[in-house]
Amino acid sequence: MVFTYPQKILFKHCDPAGIVFYPRYFEMINDCVEAFFAQIGFPFETLHKTASVPTAEISTRFTAPSRHGDHLILTLEATRLGRSSLGLEITASAGTEARFACTSTLVLVDATGRPLRWPDPMRAALTPYIRSRP
Amino acid sequence: MVFTYPQKILFKHCDPAGIVFYPRYFEMINDCVEAFFAQIGFPFETLHKTASVPTAEISTRFTAPSRHGDHLILTLEATRLGRSSLGLEITASAGTEARFACTSTLVLVDATGRPLRWPDPMRAALTPYIRSRP
Amino acid sequence: MVFTYPQKILFKHCDPAGIVFYPRYFEMINDCVEAFFAQIGFPFETLHKTASVPTAEISTRFTAPSRHGDHLILTLEATRLGRSSLGLEITASAGTEARFACTSTLVLVDATGRPLRWPDPMRAALTPYIRSRP
Amino acid sequence: MVFTYPQKILFKHCDPAGIVFYPRYFEMINDCVEAFFAQIGFPFETLHKTASVPTAEISTRFTAPSRHGDHLILTLEATRLGRSSLGLEITASAGTEARFACTSTLVLVDATGRPLRWPDPMRAALTPYIRSRP
(Lines give C-alpha, C1' and ligand atoms only; values in the text may rest on other atoms or scores of the structure.)
Protein backbone atom coordinates (compact mmCIF):
# COMPACT_ATOMS: atom_id res chain seq x y z
CA MET A 1 0.00 0.00 0.00
CA VAL A 2 1.23 3.50 -0.73
CA PHE A 3 0.27 6.90 0.65
CA THR A 4 -0.19 9.74 -1.81
CA TYR A 5 -0.07 13.43 -1.08
CA PRO A 6 -0.97 16.13 -3.61
CA GLN A 7 0.97 19.38 -3.60
CA LYS A 8 0.43 22.22 -6.00
CA ILE A 9 3.58 24.26 -6.54
CA LEU A 10 2.88 27.67 -5.07
CA PHE A 11 4.52 31.04 -5.47
CA LYS A 12 6.32 30.67 -2.13
CA HIS A 13 8.09 27.50 -3.28
CA CYS A 14 9.79 29.10 -6.28
CA ASP A 15 13.07 30.92 -6.69
CA PRO A 16 14.21 33.68 -9.06
CA ALA A 17 14.87 31.02 -11.71
CA GLY A 18 11.11 30.26 -11.55
CA ILE A 19 11.60 26.73 -10.24
CA VAL A 20 11.19 25.18 -6.81
CA PHE A 21 13.96 26.19 -4.39
CA TYR A 22 15.05 22.75 -3.19
CA PRO A 23 14.88 23.40 0.59
CA ARG A 24 11.15 23.94 0.02
CA TYR A 25 10.95 20.35 -1.27
CA PHE A 26 12.07 19.20 2.16
CA GLU A 27 9.20 21.12 3.74
CA MET A 28 6.85 19.31 1.33
CA ILE A 29 8.48 15.98 2.21
CA ASN A 30 8.00 16.73 5.91
CA ASP A 31 4.37 17.73 5.29
CA CYS A 32 3.84 14.45 3.41
CA VAL A 33 5.30 12.42 6.29
CA GLU A 34 3.17 14.39 8.77
CA ALA A 35 0.03 13.74 6.69
CA PHE A 36 0.95 10.04 6.47
CA PHE A 37 1.20 9.69 10.24
CA ALA A 38 -2.14 11.49 10.61
CA GLN A 39 -3.66 9.13 8.04
CA ILE A 40 -2.56 6.02 9.94
CA GLY A 41 -3.95 7.39 13.20
CA PHE A 42 -0.88 8.92 14.83
CA PRO A 43 -0.99 12.65 14.09
CA PHE A 44 2.22 14.47 15.01
CA GLU A 45 0.35 16.92 17.24
CA THR A 46 -0.58 13.97 19.48
CA LEU A 47 2.57 11.89 19.01
CA HIS A 48 4.74 14.88 19.86
CA LYS A 49 3.35 15.14 23.36
CA THR A 50 5.66 12.28 24.38
CA ALA A 51 7.84 11.42 21.40
CA SER A 52 9.03 12.54 18.00
CA VAL A 53 10.29 11.05 14.76
CA PRO A 54 13.36 13.02 13.69
CA THR A 55 14.92 12.31 10.33
CA ALA A 56 18.31 10.62 10.76
CA GLU A 57 19.28 10.63 7.11
CA ILE A 58 17.79 11.67 3.83
CA SER A 59 19.02 11.35 0.27
CA THR A 60 17.29 13.05 -2.62
CA ARG A 61 17.81 13.09 -6.35
CA PHE A 62 16.12 15.91 -8.27
CA THR A 63 15.44 14.69 -11.77
CA ALA A 64 13.51 17.57 -13.34
CA PRO A 65 12.61 21.05 -12.15
CA SER A 66 9.10 21.92 -10.93
CA ARG A 67 7.45 25.20 -11.82
CA HIS A 68 4.78 27.42 -10.28
CA GLY A 69 1.37 25.89 -10.86
CA ASP A 70 2.58 22.31 -11.36
CA HIS A 71 0.48 19.68 -9.65
CA LEU A 72 2.79 17.27 -7.91
CA ILE A 73 1.81 13.94 -6.43
CA LEU A 74 4.10 12.67 -3.69
CA THR A 75 4.00 8.91 -3.18
CA LEU A 76 5.26 7.48 0.10
CA GLU A 77 6.14 3.86 0.81
CA ALA A 78 7.91 2.30 3.76
CA THR A 79 10.95 0.27 2.85
CA ARG A 80 11.93 -1.09 6.26
CA LEU A 81 10.51 -1.11 9.77
CA GLY A 82 13.23 -1.55 12.37
CA ARG A 83 13.04 -1.66 16.15
CA SER A 84 12.95 2.16 16.37
CA SER A 85 13.55 3.17 12.78
CA LEU A 86 11.47 3.51 9.65
CA GLY A 87 12.85 3.58 6.15
CA LEU A 88 10.83 5.62 3.67
CA GLU A 89 10.89 6.17 -0.04
CA ILE A 90 9.10 9.25 -1.33
CA THR A 91 8.85 10.07 -4.99
CA ALA A 92 7.21 13.05 -6.66
CA SER A 93 5.90 13.41 -10.15
CA ALA A 94 3.81 15.83 -12.20
CA GLY A 95 1.75 13.82 -14.63
CA THR A 96 4.14 11.20 -15.98
CA GLU A 97 7.30 13.18 -15.28
CA ALA A 98 9.35 12.29 -12.22
CA ARG A 99 10.57 15.30 -10.27
CA PHE A 100 12.44 13.85 -7.32
CA ALA A 101 13.05 10.60 -5.48
CA CYS A 102 14.02 10.51 -1.87
CA THR A 103 14.94 7.86 0.68
CA SER A 104 15.03 8.65 4.36
CA THR A 105 15.26 7.03 7.74
CA LEU A 106 13.17 8.25 10.66
CA VAL A 107 13.74 7.22 14.25
CA LEU A 108 11.15 7.20 17.01
CA VAL A 109 12.65 8.92 20.06
CA ASP A 110 11.38 10.01 23.45
CA ALA A 111 11.44 13.59 24.74
CA THR A 112 15.13 13.25 25.64
CA GLY A 113 16.07 11.97 22.20
CA ARG A 114 16.53 8.31 23.14
CA PRO A 115 15.29 5.73 20.60
CA LEU A 116 11.99 4.06 21.47
CA ARG A 117 10.71 0.71 20.24
CA TRP A 118 7.71 1.29 17.94
CA PRO A 119 4.63 0.56 20.07
CA ASP A 120 2.62 -2.37 18.71
CA PRO A 121 -0.31 -0.20 17.49
CA MET A 122 2.09 1.98 15.47
CA ARG A 123 3.87 -1.08 14.14
CA ALA A 124 0.52 -2.52 13.06
CA ALA A 125 -0.48 0.76 11.41
CA LEU A 126 2.83 1.07 9.55
CA THR A 127 3.07 -2.53 8.36
CA PRO A 128 0.61 -2.31 5.42
CA TYR A 129 2.80 0.42 3.91
CA ILE A 130 5.97 -1.69 3.89
CA ARG A 131 6.84 -2.44 0.32
CA SER A 132 6.97 -6.14 -0.39
CA ARG A 133 10.00 -7.06 -2.39
CA PRO A 134 9.24 -8.57 -5.77
CA MET B 1 41.62 24.35 0.98
CA VAL B 2 38.24 24.44 2.72
CA PHE B 3 35.61 27.15 3.04
CA THR B 4 34.06 27.69 6.45
CA TYR B 5 30.76 29.37 7.20
CA PRO B 6 29.55 30.22 10.71
CA GLN B 7 25.87 29.91 11.53
CA LYS B 8 24.34 30.59 14.90
CA ILE B 9 21.18 28.58 15.45
CA LEU B 10 18.36 31.10 15.62
CA PHE B 11 14.82 30.94 16.91
CA LYS B 12 13.44 30.60 13.37
CA HIS B 13 15.43 27.40 12.76
CA CYS B 14 13.92 25.49 15.68
CA ASP B 15 10.85 23.34 15.99
CA PRO B 16 8.51 22.56 18.91
CA ALA B 17 11.01 19.94 20.10
CA GLY B 18 13.50 22.81 20.50
CA ILE B 19 15.89 21.49 17.86
CA VAL B 20 16.59 22.53 14.30
CA PHE B 21 13.80 21.58 11.90
CA TYR B 22 15.81 19.76 9.25
CA PRO B 23 14.49 21.62 6.17
CA ARG B 24 16.08 24.73 7.74
CA TYR B 25 19.45 22.95 7.54
CA PHE B 26 19.04 22.88 3.78
CA GLU B 27 18.55 26.65 3.76
CA MET B 28 21.80 26.93 5.76
CA ILE B 29 23.54 24.58 3.30
CA ASN B 30 22.30 26.71 0.41
CA ASP B 31 23.47 29.90 2.18
CA CYS B 32 26.88 28.29 2.69
CA VAL B 33 27.16 27.38 -0.99
CA GLU B 34 26.06 30.89 -1.97
CA ALA B 35 28.67 32.44 0.37
CA PHE B 36 31.32 30.10 -1.08
CA PHE B 37 30.62 31.21 -4.66
CA ALA B 38 30.73 34.86 -3.51
CA GLN B 39 34.06 34.17 -1.78
CA ILE B 40 35.63 32.76 -4.95
CA GLY B 41 34.46 35.71 -7.01
CA PHE B 42 31.24 34.41 -8.57
CA PRO B 43 28.37 35.71 -6.44
CA PHE B 44 25.02 34.14 -7.27
CA GLU B 45 23.43 37.54 -7.90
CA THR B 46 25.84 37.99 -10.84
CA LEU B 47 26.06 34.36 -11.95
CA HIS B 48 22.27 34.08 -12.03
CA LYS B 49 21.95 36.70 -14.74
CA THR B 50 22.93 34.05 -17.29
CA ALA B 51 23.22 30.73 -15.48
CA SER B 52 22.46 28.87 -12.27
CA VAL B 53 23.80 25.97 -10.26
CA PRO B 54 20.86 23.80 -9.23
CA THR B 55 21.42 20.91 -6.85
CA ALA B 56 20.99 17.60 -8.68
CA GLU B 57 21.33 15.37 -5.63
CA ILE B 58 21.98 15.76 -1.95
CA SER B 59 22.45 13.22 0.83
CA THR B 60 22.58 14.21 4.45
CA ARG B 61 23.15 12.35 7.67
CA PHE B 62 22.11 14.14 10.87
CA THR B 63 24.28 12.86 13.69
CA ALA B 64 23.22 15.02 16.64
CA PRO B 65 20.51 17.62 17.13
CA SER B 66 21.30 21.35 17.19
CA ARG B 67 19.63 23.69 19.63
CA HIS B 68 18.80 27.39 19.73
CA GLY B 69 21.94 29.38 20.44
CA ASP B 70 24.41 26.75 19.22
CA HIS B 71 27.28 28.11 17.15
CA LEU B 72 27.69 25.89 14.13
CA ILE B 73 30.61 25.94 11.74
CA LEU B 74 29.86 24.59 8.29
CA THR B 75 32.91 23.36 6.38
CA LEU B 76 32.72 23.02 2.60
CA GLU B 77 35.09 21.11 0.37
CA ALA B 78 34.80 20.16 -3.27
CA THR B 79 35.15 16.48 -3.96
CA ARG B 80 34.98 16.44 -7.74
CA LEU B 81 34.91 18.98 -10.56
CA GLY B 82 33.31 17.53 -13.68
CA ARG B 83 32.64 19.11 -17.04
CA SER B 84 29.44 20.82 -15.75
CA SER B 85 29.14 19.34 -12.28
CA LEU B 86 30.64 19.98 -8.89
CA GLY B 87 30.67 17.49 -6.03
CA LEU B 88 30.59 19.04 -2.58
CA GLU B 89 30.96 17.76 0.95
CA ILE B 90 29.60 19.98 3.70
CA THR B 91 29.91 19.10 7.35
CA ALA B 92 28.66 21.02 10.37
CA SER B 93 29.83 20.89 13.93
CA ALA B 94 29.35 22.79 17.18
CA GLY B 95 32.63 22.75 19.03
CA THR B 96 33.89 19.19 18.68
CA GLU B 97 30.47 17.64 18.10
CA ALA B 98 29.48 16.77 14.54
CA ARG B 99 25.89 17.73 13.69
CA PHE B 100 25.47 16.73 10.06
CA ALA B 101 27.43 15.64 7.03
CA CYS B 102 26.19 16.21 3.54
CA THR B 103 27.32 15.37 0.03
CA SER B 104 25.78 17.04 -2.97
CA THR B 105 26.22 17.52 -6.68
CA LEU B 106 25.60 20.87 -8.34
CA VAL B 107 25.34 21.37 -12.07
CA LEU B 108 26.04 24.58 -13.95
CA VAL B 109 23.14 25.21 -16.35
CA ASP B 110 22.11 28.02 -18.66
CA ALA B 111 18.82 29.91 -18.44
CA THR B 112 17.01 27.07 -20.24
CA GLY B 113 18.38 24.44 -17.86
CA ARG B 114 20.97 22.94 -20.25
CA PRO B 115 24.32 21.94 -18.69
CA LEU B 116 27.19 24.35 -19.37
CA ARG B 117 30.90 23.58 -19.27
CA TRP B 118 32.48 25.43 -16.30
CA PRO B 119 34.15 28.53 -17.77
CA ASP B 120 37.93 28.51 -17.24
CA PRO B 121 37.91 31.31 -14.64
CA MET B 122 35.34 29.42 -12.54
CA ARG B 123 37.28 26.19 -12.94
CA ALA B 124 40.42 27.97 -11.77
CA ALA B 125 38.59 29.49 -8.80
CA LEU B 126 37.09 26.14 -7.75
CA THR B 127 40.22 24.03 -8.16
CA PRO B 128 41.96 25.01 -4.89
CA TYR B 129 38.93 23.71 -2.98
CA ILE B 130 39.07 20.23 -4.51
CA ARG B 131 40.07 17.81 -1.81
CA SER B 132 43.22 15.95 -2.69
CA ARG B 133 42.92 12.27 -2.00
CA PRO B 134 45.33 10.93 0.58
CA MET C 1 -19.13 37.34 -0.56
CA VAL C 2 -16.13 36.03 1.33
CA PHE C 3 -13.42 33.53 0.42
CA THR C 4 -12.44 30.97 3.03
CA TYR C 5 -9.25 28.98 3.19
CA PRO C 6 -8.63 26.14 5.65
CA GLN C 7 -5.16 25.70 7.10
CA LYS C 8 -4.21 23.04 9.60
CA ILE C 9 -1.31 24.14 11.78
CA LEU C 10 1.58 21.85 10.90
CA PHE C 11 4.82 21.00 12.63
CA LYS C 12 6.75 23.30 10.30
CA HIS C 13 4.73 26.34 11.37
CA CYS C 14 5.60 26.06 15.06
CA ASP C 15 8.46 27.41 17.12
CA PRO C 16 10.21 26.16 20.28
CA ALA C 17 7.40 27.69 22.34
CA GLY C 18 5.03 25.30 20.53
CA ILE C 19 3.06 28.06 18.82
CA VAL C 20 3.04 29.40 15.29
CA PHE C 21 6.16 31.43 14.44
CA TYR C 22 4.54 34.58 13.11
CA PRO C 23 6.47 34.86 9.80
CA ARG C 24 4.82 31.52 8.92
CA TYR C 25 1.43 33.26 9.24
CA PHE C 26 2.48 35.55 6.39
CA GLU C 27 3.19 32.50 4.23
CA MET C 28 -0.34 31.28 5.05
CA ILE C 29 -1.75 34.72 4.23
CA ASN C 30 0.08 34.67 0.91
CA ASP C 31 -1.19 31.14 0.20
CA CYS C 32 -4.72 32.31 0.97
CA VAL C 33 -4.43 35.26 -1.42
CA GLU C 34 -2.95 32.96 -4.09
CA ALA C 35 -5.83 30.48 -3.63
CA PHE C 36 -8.32 33.37 -3.82
CA PHE C 37 -6.96 34.57 -7.16
CA ALA C 38 -7.04 30.97 -8.46
CA GLN C 39 -10.65 30.69 -7.27
CA ILE C 40 -11.75 33.80 -9.18
CA GLY C 41 -10.06 32.60 -12.35
CA PHE C 42 -6.71 34.38 -12.24
CA PRO C 43 -4.18 31.91 -10.87
CA PHE C 44 -0.82 33.46 -10.01
CA GLU C 45 1.04 31.01 -12.25
CA THR C 46 -0.80 32.54 -15.23
CA LEU C 47 -1.03 36.13 -13.98
CA HIS C 48 2.69 36.18 -13.22
CA LYS C 49 3.61 35.68 -16.87
CA THR C 50 2.94 39.38 -17.43
CA ALA C 51 2.16 40.98 -14.09
CA SER C 52 2.24 40.51 -10.34
CA VAL C 53 0.40 41.70 -7.26
CA PRO C 54 3.00 42.65 -4.66
CA THR C 55 1.86 43.59 -1.18
CA ALA C 56 2.40 47.29 -0.55
CA GLU C 57 1.43 47.29 3.10
CA ILE C 58 0.17 44.82 5.63
CA SER C 59 -0.92 45.22 9.25
CA THR C 60 -1.61 42.27 11.48
CA ARG C 61 -2.83 41.86 15.01
CA PHE C 62 -2.27 38.47 16.64
CA THR C 63 -4.95 37.95 19.23
CA ALA C 64 -4.30 34.40 20.45
CA PRO C 65 -1.57 31.86 19.75
CA SER C 66 -2.15 28.89 17.43
CA ARG C 67 -0.79 25.47 18.24
CA HIS C 68 0.23 22.41 16.26
CA GLY C 69 -2.88 20.57 15.10
CA ASP C 70 -5.24 23.54 15.27
CA HIS C 71 -7.62 23.85 12.35
CA LEU C 72 -7.64 27.47 11.23
CA ILE C 73 -10.08 29.01 8.82
CA LEU C 74 -8.84 32.11 7.05
CA THR C 75 -11.57 34.40 5.76
CA LEU C 76 -10.74 36.91 3.05
CA GLU C 77 -12.81 39.91 2.02
CA ALA C 78 -11.96 42.83 -0.23
CA THR C 79 -12.39 46.22 1.38
CA ARG C 80 -11.56 48.48 -1.55
CA LEU C 81 -10.87 48.15 -5.25
CA GLY C 82 -8.83 51.06 -6.57
CA ARG C 83 -7.48 51.75 -10.03
CA SER C 84 -4.47 49.44 -9.47
CA SER C 85 -4.86 48.53 -5.83
CA LEU C 86 -6.90 46.09 -3.81
CA GLY C 87 -7.56 46.38 -0.10
CA LEU C 88 -8.00 43.07 1.71
CA GLU C 89 -9.03 42.01 5.16
CA ILE C 90 -8.06 38.52 6.24
CA THR C 91 -9.03 37.06 9.57
CA ALA C 92 -8.22 33.66 11.02
CA SER C 93 -9.99 31.71 13.68
CA ALA C 94 -9.97 28.23 15.17
CA GLY C 95 -13.51 27.34 16.07
CA THR C 96 -14.89 30.47 17.70
CA GLU C 97 -11.52 31.85 18.77
CA ALA C 98 -9.97 34.61 16.68
CA ARG C 99 -6.27 34.14 16.06
CA PHE C 100 -5.29 37.08 13.89
CA ALA C 101 -6.76 39.88 11.81
CA CYS C 102 -4.89 41.44 8.96
CA THR C 103 -5.44 44.26 6.51
CA SER C 104 -3.31 44.63 3.43
CA THR C 105 -3.07 46.47 0.16
CA LEU C 106 -1.99 44.75 -3.03
CA VAL C 107 -1.06 46.56 -6.21
CA LEU C 108 -1.23 45.16 -9.72
CA VAL C 109 2.06 45.91 -11.47
CA ASP C 110 3.64 44.99 -14.77
CA ALA C 111 6.95 43.15 -15.17
CA THR C 112 8.87 46.38 -14.57
CA GLY C 113 6.96 47.16 -11.36
CA ARG C 114 4.74 49.91 -12.79
CA PRO C 115 1.13 49.98 -11.56
CA LEU C 116 -1.44 48.63 -14.02
CA ARG C 117 -5.14 49.38 -14.13
CA TRP C 118 -7.09 46.25 -13.16
CA PRO C 119 -8.32 44.76 -16.45
CA ASP C 120 -12.11 44.66 -16.67
CA PRO C 121 -12.38 40.86 -16.30
CA MET C 122 -10.34 40.98 -13.09
CA ARG C 123 -12.37 43.92 -11.82
CA ALA C 124 -15.55 41.97 -12.51
CA ALA C 125 -14.17 38.89 -10.76
CA LEU C 126 -13.06 40.86 -7.69
CA THR C 127 -16.20 42.96 -7.30
CA PRO C 128 -18.42 40.34 -5.61
CA TYR C 129 -15.86 40.07 -2.81
CA ILE C 130 -15.93 43.76 -1.97
CA ARG C 131 -17.53 44.14 1.42
CA SER C 132 -20.56 46.34 1.36
CA ARG C 133 -20.59 48.80 4.19
CA PRO C 134 -23.48 48.42 6.59
CA MET D 1 20.54 55.01 20.39
CA VAL D 2 19.65 52.69 17.51
CA PHE D 3 20.57 49.12 16.73
CA THR D 4 21.58 48.28 13.17
CA TYR D 5 21.57 44.89 11.54
CA PRO D 6 23.03 44.20 8.09
CA GLN D 7 21.30 41.70 5.83
CA LYS D 8 22.44 40.81 2.35
CA ILE D 9 19.55 39.69 0.17
CA LEU D 10 20.19 36.04 -0.60
CA PHE D 11 18.84 33.67 -3.21
CA LYS D 12 16.49 32.07 -0.68
CA HIS D 13 14.74 35.39 0.01
CA CYS D 14 13.68 36.00 -3.60
CA ASP D 15 10.64 34.97 -5.57
CA PRO D 16 10.05 34.25 -9.26
CA ALA D 17 9.74 38.00 -9.86
CA GLY D 18 13.36 38.29 -8.65
CA ILE D 19 12.44 40.37 -5.59
CA VAL D 20 12.16 39.55 -1.91
CA PHE D 21 9.09 37.45 -1.10
CA TYR D 22 7.60 39.55 1.70
CA PRO D 23 7.15 36.79 4.31
CA ARG D 24 10.97 36.47 4.19
CA TYR D 25 11.17 40.10 5.35
CA PHE D 26 9.39 39.05 8.54
CA GLU D 27 12.06 36.40 9.12
CA MET D 28 14.68 39.15 8.72
CA ILE D 29 12.74 41.38 11.12
CA ASN D 30 12.61 38.56 13.64
CA ASP D 31 16.35 37.91 13.20
CA CYS D 32 17.00 41.62 13.77
CA VAL D 33 14.96 41.63 16.99
CA GLU D 34 16.72 38.45 18.13
CA ALA D 35 20.15 40.02 17.43
CA PHE D 36 19.07 43.17 19.29
CA PHE D 37 18.14 41.22 22.42
CA ALA D 38 21.47 39.36 22.21
CA GLN D 39 23.28 42.69 21.87
CA ILE D 40 21.68 44.11 25.02
CA GLY D 41 22.56 40.99 27.01
CA PHE D 42 19.33 38.96 26.83
CA PRO D 43 19.78 36.41 24.05
CA PHE D 44 16.59 34.58 23.11
CA GLU D 45 18.19 31.18 23.74
CA THR D 46 18.54 32.16 27.42
CA LEU D 47 15.39 34.28 27.74
CA HIS D 48 13.29 31.50 26.24
CA LYS D 49 14.07 29.13 29.07
CA THR D 50 11.46 30.96 31.18
CA ALA D 51 9.77 33.55 28.98
CA SER D 52 9.27 34.75 25.44
CA VAL D 53 8.50 37.95 23.57
CA PRO D 54 5.78 37.19 21.03
CA THR D 55 4.78 39.86 18.54
CA ALA D 56 1.29 41.14 19.31
CA GLU D 57 0.95 43.37 16.27
CA ILE D 58 3.06 44.40 13.34
CA SER D 59 2.45 46.87 10.52
CA THR D 60 4.73 47.12 7.54
CA ARG D 61 4.89 49.33 4.51
CA PHE D 62 7.04 48.13 1.62
CA THR D 63 8.25 51.16 -0.29
CA ALA D 64 10.58 49.66 -2.89
CA PRO D 65 11.46 46.11 -3.88
CA SER D 66 14.74 44.50 -2.83
CA ARG D 67 16.70 42.30 -5.20
CA HIS D 68 19.18 39.45 -4.85
CA GLY D 69 22.56 40.84 -3.81
CA ASP D 70 21.26 44.06 -2.28
CA HIS D 71 22.88 45.03 0.99
CA LEU D 72 20.16 46.05 3.40
CA ILE D 73 20.67 47.78 6.71
CA LEU D 74 17.86 47.30 9.21
CA THR D 75 17.66 50.00 11.88
CA LEU D 76 15.78 49.27 15.09
CA GLU D 77 14.57 51.79 17.65
CA ALA D 78 12.24 51.39 20.58
CA THR D 79 9.30 53.72 20.56
CA ARG D 80 7.65 52.83 23.86
CA LEU D 81 8.45 50.68 26.88
CA GLY D 82 5.30 49.64 28.72
CA ARG D 83 4.83 47.46 31.76
CA SER D 84 5.08 44.25 29.68
CA SER D 85 5.19 45.61 26.17
CA LEU D 86 7.79 47.10 23.88
CA GLY D 87 7.03 49.21 20.82
CA LEU D 88 9.57 48.94 18.03
CA GLU D 89 10.19 50.72 14.78
CA ILE D 90 12.34 48.92 12.24
CA THR D 91 13.28 50.44 8.92
CA ALA D 92 15.36 48.95 6.14
CA SER D 93 17.28 50.66 3.40
CA ALA D 94 19.81 49.83 0.71
CA GLY D 95 22.14 52.78 0.37
CA THR D 96 19.86 55.80 0.45
CA GLU D 97 16.75 53.98 -0.74
CA ALA D 98 14.16 52.99 1.84
CA ARG D 99 12.81 49.49 1.37
CA PHE D 100 10.37 49.01 4.23
CA ALA D 101 9.27 50.55 7.50
CA CYS D 102 7.68 48.53 10.22
CA THR D 103 6.19 49.17 13.63
CA SER D 104 5.51 46.36 16.04
CA THR D 105 4.60 45.64 19.62
CA LEU D 106 6.21 42.80 21.54
CA VAL D 107 4.97 41.52 24.87
CA LEU D 108 7.03 39.74 27.49
CA VAL D 109 5.14 36.62 28.58
CA ASP D 110 5.86 33.67 30.82
CA ALA D 111 5.78 30.03 29.70
CA THR D 112 1.98 29.97 29.98
CA GLY D 113 1.58 33.11 27.87
CA ARG D 114 0.75 35.51 30.72
CA PRO D 115 2.26 39.01 30.47
CA LEU D 116 5.25 39.64 32.73
CA ARG D 117 6.54 42.98 33.95
CA TRP D 118 9.91 43.72 32.34
CA PRO D 119 12.53 42.85 34.96
CA ASP D 120 14.59 45.88 36.00
CA PRO D 121 17.78 44.72 34.25
CA MET D 122 15.91 44.31 30.96
CA ARG D 123 14.21 47.66 31.44
CA ALA D 124 17.61 49.26 32.03
CA ALA D 125 19.07 47.55 28.95
CA LEU D 126 16.16 48.61 26.73
CA THR D 127 15.92 52.22 27.91
CA PRO D 128 18.86 53.66 25.90
CA TYR D 129 17.13 52.50 22.71
CA ILE D 130 13.89 54.38 23.41
CA ARG D 131 13.61 57.16 20.90
CA SER D 132 13.34 60.54 22.54
CA ARG D 133 10.66 62.63 21.00
CA PRO D 134 11.87 65.83 19.39
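Each chain carries a letter (A, B, C and D) given by its place in the written order, and its residues are counted from 1.
Rule of thumb we're sticking to: a residue touches a chain if its C-beta (ideal position, glycine included) is under 8 Å from a C-beta of that chain, and two chains touch if they have at least 3 such contacts.
What you see is a predicted model; the values in this text were computed from it and never measured.
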Determine which of the two chain pairs, B-D or B-C, is joined by the larger number of C-beta pairs in contact. B-D
Quick one: point me to the chain whose Cα centre is farthest from that of chain B. C
The distance between the C-alpha centres of chain C and chain D, rounded to whole Å, is 23
Per the centroid of Cα atoms for each chain, what is the distance between chain B and chain D, given in Å? 28
Counting in whole Å, what is the centre-to-centre distance of chain B and chain C, each centre being its mean C-alpha position? 34
Would you please write down the residue numbers of chain A that are in contact with two or more other chains? 11-12, 16, 21, 23, 27, 30, 48, 68
Contact residues on chain A for chain B in the complex? 16-17, 19, 21-24, 26-27, 29-30, 48, 52, 54-62, 65, 113
With touch defined as at the start, can you tell me which chain B residues reach chain D in the complex? 9-12, 27, 30-31, 34, 43-46, 48, 67-69
Would you pull the chain D residues touching chain A in the complex into a rising list? 11-12, 14-16, 18, 21, 23, 68
